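Both of the next two complexes hold subunit A, though its partner changes from subunit B to subunit C.
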Partner chain A sequence: MRNFEKFLRSRFAAALIAVLVGFAISAIVLAAAGYNPIGSFGALFNGAFGKPKYIANVFIKATPILLTGVSVAFAFKTGLFNIGAEGQYILGSTLATIVGVKLALPMPLQVPLVLAAGILGGAALGAFVGWLKAKFGIHEVITSIMCNWISFYLCNFIVMSDAFHKPNSTSALQVNGSSYTMILGNWKKSEAGKEFLSNIHWLREILLKTDLNYGFIIAIVVAIAASLVLNRTKLGYELRAVGFNRDAARFSGISVERNIILSMLIAGGISGLAGALTITGISPHTITLLAAMESYGFNGMSVAFIAGCAPIGCIPSAILFSSLIYGGMSVQQVMGAPSDIISIMIGTIVFFTALPGVTGMIADAIAKKRKAKEALKEAVKEA
Partner chain B sequence: MEASPEYAVQMHGILKTFGAFTALDHVDLDVKKQTVHAILGENGAGKTTLMNILYGLYQADEGDIFMGGEKVNITSPTDAIKHGIGMVHQHFMLVENFTVTENIILGDEVCGAAGVLDMGRARKEVMELVDEYGFDVDPDAKIEDITVGMQQRVEILKALYRGAEVLILDEPTAVLTPQEIDKLIEIMHDLIAKGKTIIIITHKLREIMQSADECSIIRRGVYMGTVNVKESNETELASKMVGRNVNLTVEKTPAHPGETVLSIRDLTVKDDRGIEQVRGLNLDIRAGEIVGIAGIDGNGQQELVDAITNIVKAESGSIKINGQEIVNTTPRTTFLNKIATIPSDRHRWGLVLPFAVSENSVLERHTEDTFGEGIKLDYNKMHDYTTKLIEEFDIRPSGCEDERMSGLSGGNQQKAIIARMVTSSPNLLIAFQPTRGLDVGAIEFVHKTLIAERDRGAAILLISFELDEVMDVSDTIAVIYHGQIAGTFAQGTVDENQLGLLMAGGEAK
Partner chain C sequence: MFGNLILLIGITLMYSTPLVFGALGGVISERSGVTNIGIEGMMVIGAVAAATASYFTGNPWIGFLAAGVCGALVALLHAVASVSFAADQTISGVAINMLAPGLALFACRRFFDGAAMSPIAPKLPKILGESGLARTPFANLNVNVTTVIALLFTIIMWFVLYKTKWGLRVRAVGEHPAAADTLGIDVYKVRYICVLLSGMLAGFGGASMTIAIIAQFTQTAISGHGFIAMAAVIFGKWTPFGAYGACLLFGFTQALVIMLGGGDFVVPSQILSMLPYVMTIIVLILFVGRSVAPKADGVPYVKGSR
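== the complex of A and B ==
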């Protein structure tokens, strides 16, 4: 029982309960709309994990939101709300495309340079927002939202510019092939590769039918690195001190301004990397004319908050989120239920993770009952 | 004790728990009519919780409340007011830019036909109250323009206006000058004579001796008994409150001052609203000397400390530490010049509450290689270092290295700050309200530490709003008024009346 109490007080319990409640409420909504909830959830699960190809796609789709999630979580742990992950992602993908189109170096040079361009774009945008906050005290949420739109239109401008526009399309030119980060990208298209894969069905499916790439591995490394920086370095210590108590940090000689800028720079860089990895890892390997925000940054916020803003926690959270989005498409196909149901489910989950006190309160109630029982037992013993 | 009409308030068997924590364990309180009844206890003992239950802000888990022998059910402040209970909180609840009258009637407005506010009648009613109790308050003055003592009287009037028969005063003297405290005690006795009953929450023994008839003592949520104040003394009350014998007098040997460590010349500092708060201040402190600054809150103390610690920029002037100019540098420079500061608001300036105790103990020093080389921060070394501090300074609970700072009591949080500051062997130690909110046991510890640091050879700048503290601990007493030092005295050459006059802007006789 005590272990159960301890579990209830953990962050994991809060996330788990939020997810369960999210499913329960979606079930009610589905039933009310006349769809069988069990069948719908079955379709959802099947659509996300039913075939090796689907699983691969879940991981592919989890990559950008894992990174933007880590970006939001990192900033949040240092007391900043990085609502600008979206814009940093867009600027990252834009700069990665520019460099990837203009440069044609061998892959070991090309890939790091393209990714670095993306990181630089996001980091610069993040640092700019941080600088505005540190220098002039302008709230990062306001400047981030504005920067989101600046990136958005800058991206569209680049897509349509003479230097980058691909004729008769709504896209920019593709990045040079040496920028690609697909797993066994060249081999799987070669004769030898094709022959080898023709015998192994599942491998052929995930390698040939999806853009399986190294992005997810890089994202996991980044999540772990972010956690280490926050919790095991002097830099992370200062960042968190500033996040928790700016006045005490300043009083003890920590430069608040420098740390705000640094935090946003790092968070922005991570989101920028997300954008760059999309360009290198997923076709069409370029930016396209945006009609609306693609929500990679905003979904990252959901990922971060389901994870309680722990960078490592973003890994399962991103997989959950992307399986909901990806599997949700089959709910529509199989059951005919609108995929909006999935949006409702995600919304409910995020909503309930915002109430971390609930599980703690349940734990308190259990502790009280246990104490009363113990007191009763003692009273009986004494009698 | 039976419920009886002799008593204005009786609280019997009050139990209150917060989660697993028992704040009040079957506490009894019997307050006779027309008396001043003090409730004494250390911080966190449960005195304010008990009063919040009486005022309906909390509900007791068990226990009964009687008024005049009748059982009453109080579930909200509205109920409490209906039963004639008024409460004056430690932090006043007044609207700054409203007049005295407007504040008094707020929430209980006098209305004429069709619900139109009748200010004329309201003012008349307030005037009658002011005259009846002989309060020296202008009903048309704005709150922001009157003194803190007057603001407190407005709070009392607010309660009386609502028909309070029983007044609860929560730490009423914390913000007052000695003269204002005398006036308050006068008012309290006056109210008693007019039939009111007063319950006063405090941990200041001297004021209990001066004002109260009876005193109930609570220790860690347990009722320790009620004493007749006239038959008791401060030492008895203190040991009952803490549960052991405490030494109320500060013991120290004469100071042997050395070279000048801190030298402030013509310092001018503005506050964040752009108003000059420190106006050409001069101050010297020598090694091995405690200079205590007496003064009422808001006379430039905060800005003086802010300027020395480089939290704010000074307008002009010079601050030298061992000859080195540090004015308008950075907090880091202040630290590197071996200035350590115990801040007045430890939660705001001194601690990162969500951090572990060990993380807090290396603030300022986390960059040193002792706690990890390069970019790495070595949590094991931090832990070991903190263990030493916990043992040396008796920070409780022992073994709290990895617990969050927010889980420690106020006194232990203060010990953690002092441990951090003292272990850096500062040349200048600034102690700004170092005993604020602490109980007598912890106060004794703080004072001993300050004197030990002095004897080690540090220069100590003690700034306190508690005149007793300044007078007892300092070797030299300086009075700050209106951003300037209004007078400097060696310990023992000045009494509190003279200091009180200087603190209020008068001339010393």
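== the complex of A and C ==
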């Protein structure tokens, strides 16, 4: 029973309960609207994991939100709310496209440069927001929201500019082929590759029918690195100290201004990398005219929060979210139920992770009962 | 030239109206100590509720009220989480921004045969009727009635917050809930009321988009307005008139974009569209400076804790 209590107090239990409640509430909404919840969840699961190709797509779609999630989580741990991951992502993808189109170097040079451009874009935007906060005391939430829209229109400007616009389309020119980061990208399209793959069905499916790329592996490395920096280095300690108590940090000789800028720079760079990896890893390998925000940054917030803002926790959280979002598309195809049910479900899950108190309260109640029982036993013994 | 000036004022007022409602919602909630990131979501719910109710009843005023009620219902979630359960208010707000648009579209598709937009719904009137001032140079000053309501609400909120006992209580709860509690103020009750009002106002904001500016709900009717409103709250230093001014400034720059875009201006439209956002940052740097939130903003109050 004590173990169960301990489990209830853990972050994992809170997340698990939140997910269960998310499913329960969506089931109620679906049923109330006249759709079969069981069938819908079946379609959801099938749509996410039914075929090797679907699973590959879940991981592909998890890549950007894992990174924006880590970005939000990192900033949050240092006392900053990075609502600007969206803009950093957009700017990252835009700069990556610019560099990828203009440069045509061999792959070992090209890929790092394109990714660096994306990181730089996001980091610059993040640092700008951090600088505005450190220097002028302007709340990072306002400036981030403004920067989201500035990046949004900058992206559209580049797409439509003479130098980058692809004629008769709504997108920019594709980046050079040497920037691609698909797994076995060249080999799988060669004769030998096709020959080899024709024998292995599942491998052929995930390699030829999806843009399976190195992005997810890079994202996992980044998540682990972010966690190590936060928890195991002096820099991370200082960043967290500033987030925890600014005045105390200043008093102990930590430069608050420098750390605010640094934290936003790192968070921005991670979101920028997410944008760059989308360009190098997924077709159409370019930016397109945006009509509305693409929500990578906003979904990143959800990913981070369900993970309790632990960078490593973002890994399962991103996979969960991407399977919900990707699998959710088949809910509409198979059951006719609006796929917006997925937003409701994710919203509910995030909502209930905001209430970690609930599982704690259950644990408290159990502990109370146990203590009462023990006291009773003691009393009986004494008597 | 004169006609252009009038047009500029007209567009400024039109654009700022939904923002004003949203920002007022933010002000009342944050003054009581509850951060409300969920304004955007509450506005979306208001937008869909207004168009739907107006369409089915034929009466846009019922639509307007429905938007307020539905906005408040969503806000109730936020209140339960952040007041009763001492939840992380940022997370709860983010959740509402995820949940509400999903709910809005789900409802929309359910009501209108799977369409992601509502049919054209009856609109709220303009202040001087449909043809008021037509054929005069002042035609563009015949603004939506919601613009006037927004201004009225701003004045009322200023009065209530600064000139009444209840307003003093709200501010006390937002600055130092424990002290307010010892004076016998029910912190939870005040916060519940403020968060519900916040949702109602945000709902009105959504309505002033879908049954005043345009006449239907679409997926992009509310796209980022709630976030701009949130920025306006901070920009306006958490005061009703400050927030109102911030929204006006924002509406004005939007109007400039439209006016300049219409002429034979050399700047590409995408660069022009950045103007409101760039200008906001510049104004913040030059004139506004440090903004200090209500002291207990975002901090859940747990009775008896220090």
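Here are a few things to note about the model shown:
In this section, the second predicted complex is superposed on the first by the 383 of 383 C-alpha atoms of A that agree within 3 Å, B and C clash if a C-alpha of one lies under 4 Å from a C-alpha of the other, contacts with A are read in each partner's own complex, and residues count from 1 in each chain.
FYI, contacts are C-beta pairs under 8 Å (C-beta built on N, C-alpha and C of every residue); 3 or more make two chains touch, one makes a residue touch a chain.
Bear in mind the structure is a predicted one, so any value in this text is a computation, not a measurement.
Touch criterion met: A:Cys147 reaches subunit C, while subunit B stays clear of it.
Of the two partner chains placed by the overlay, only subunit C lies in contact with A:Thr348; subunit B stays clear of it.
When the two structures are aligned on the shared chain, A:Phe251 is found in touch with subunit B, with no touch to subunit C. After overlaying the two complexes on the shared chain, residue contacts for A:Leu20 are found with neither subunit B nor subunit C.
More residues of subunit A are touched by C (comparison of subunit B with subunit C). Overlap of the subunit B and subunit C interfaces on subunit A: none, as no residue is touched by both. By the touch criterion given at the top, residues 29, 33, 81, 83, 132, 136-139, 141-143, 145-150, 153-154, 156-157, 160-161, 291-293, 298, 301-302, 305, 338, 340-351, 353-358 of subunit A touch subunit C in their complex. Residues 37, 77, 81, 85-92, 94-103, 105-106, 109-110, 114, 219-220, 223-224, 227-228, 230-231, 234-235, 268, 270-271, 273-274, 276-278, 280-281, 284-285, 288-291, 293 of subunit C are the ones that touch subunit A when the two sit in their complex.
Those residues of subunit B that touch subunit A in the complex are listed here as 19-20, 309, 311, 330-332, 334-335, 341, 343, 348-355, 359, 363-364, 366-367, 371-372, 375-377, 379. Against subunit B, in their complex, subunit A makes its touches with residues 232-238, 240-241, 244-245, 247-255, 364, 367-368, 371.
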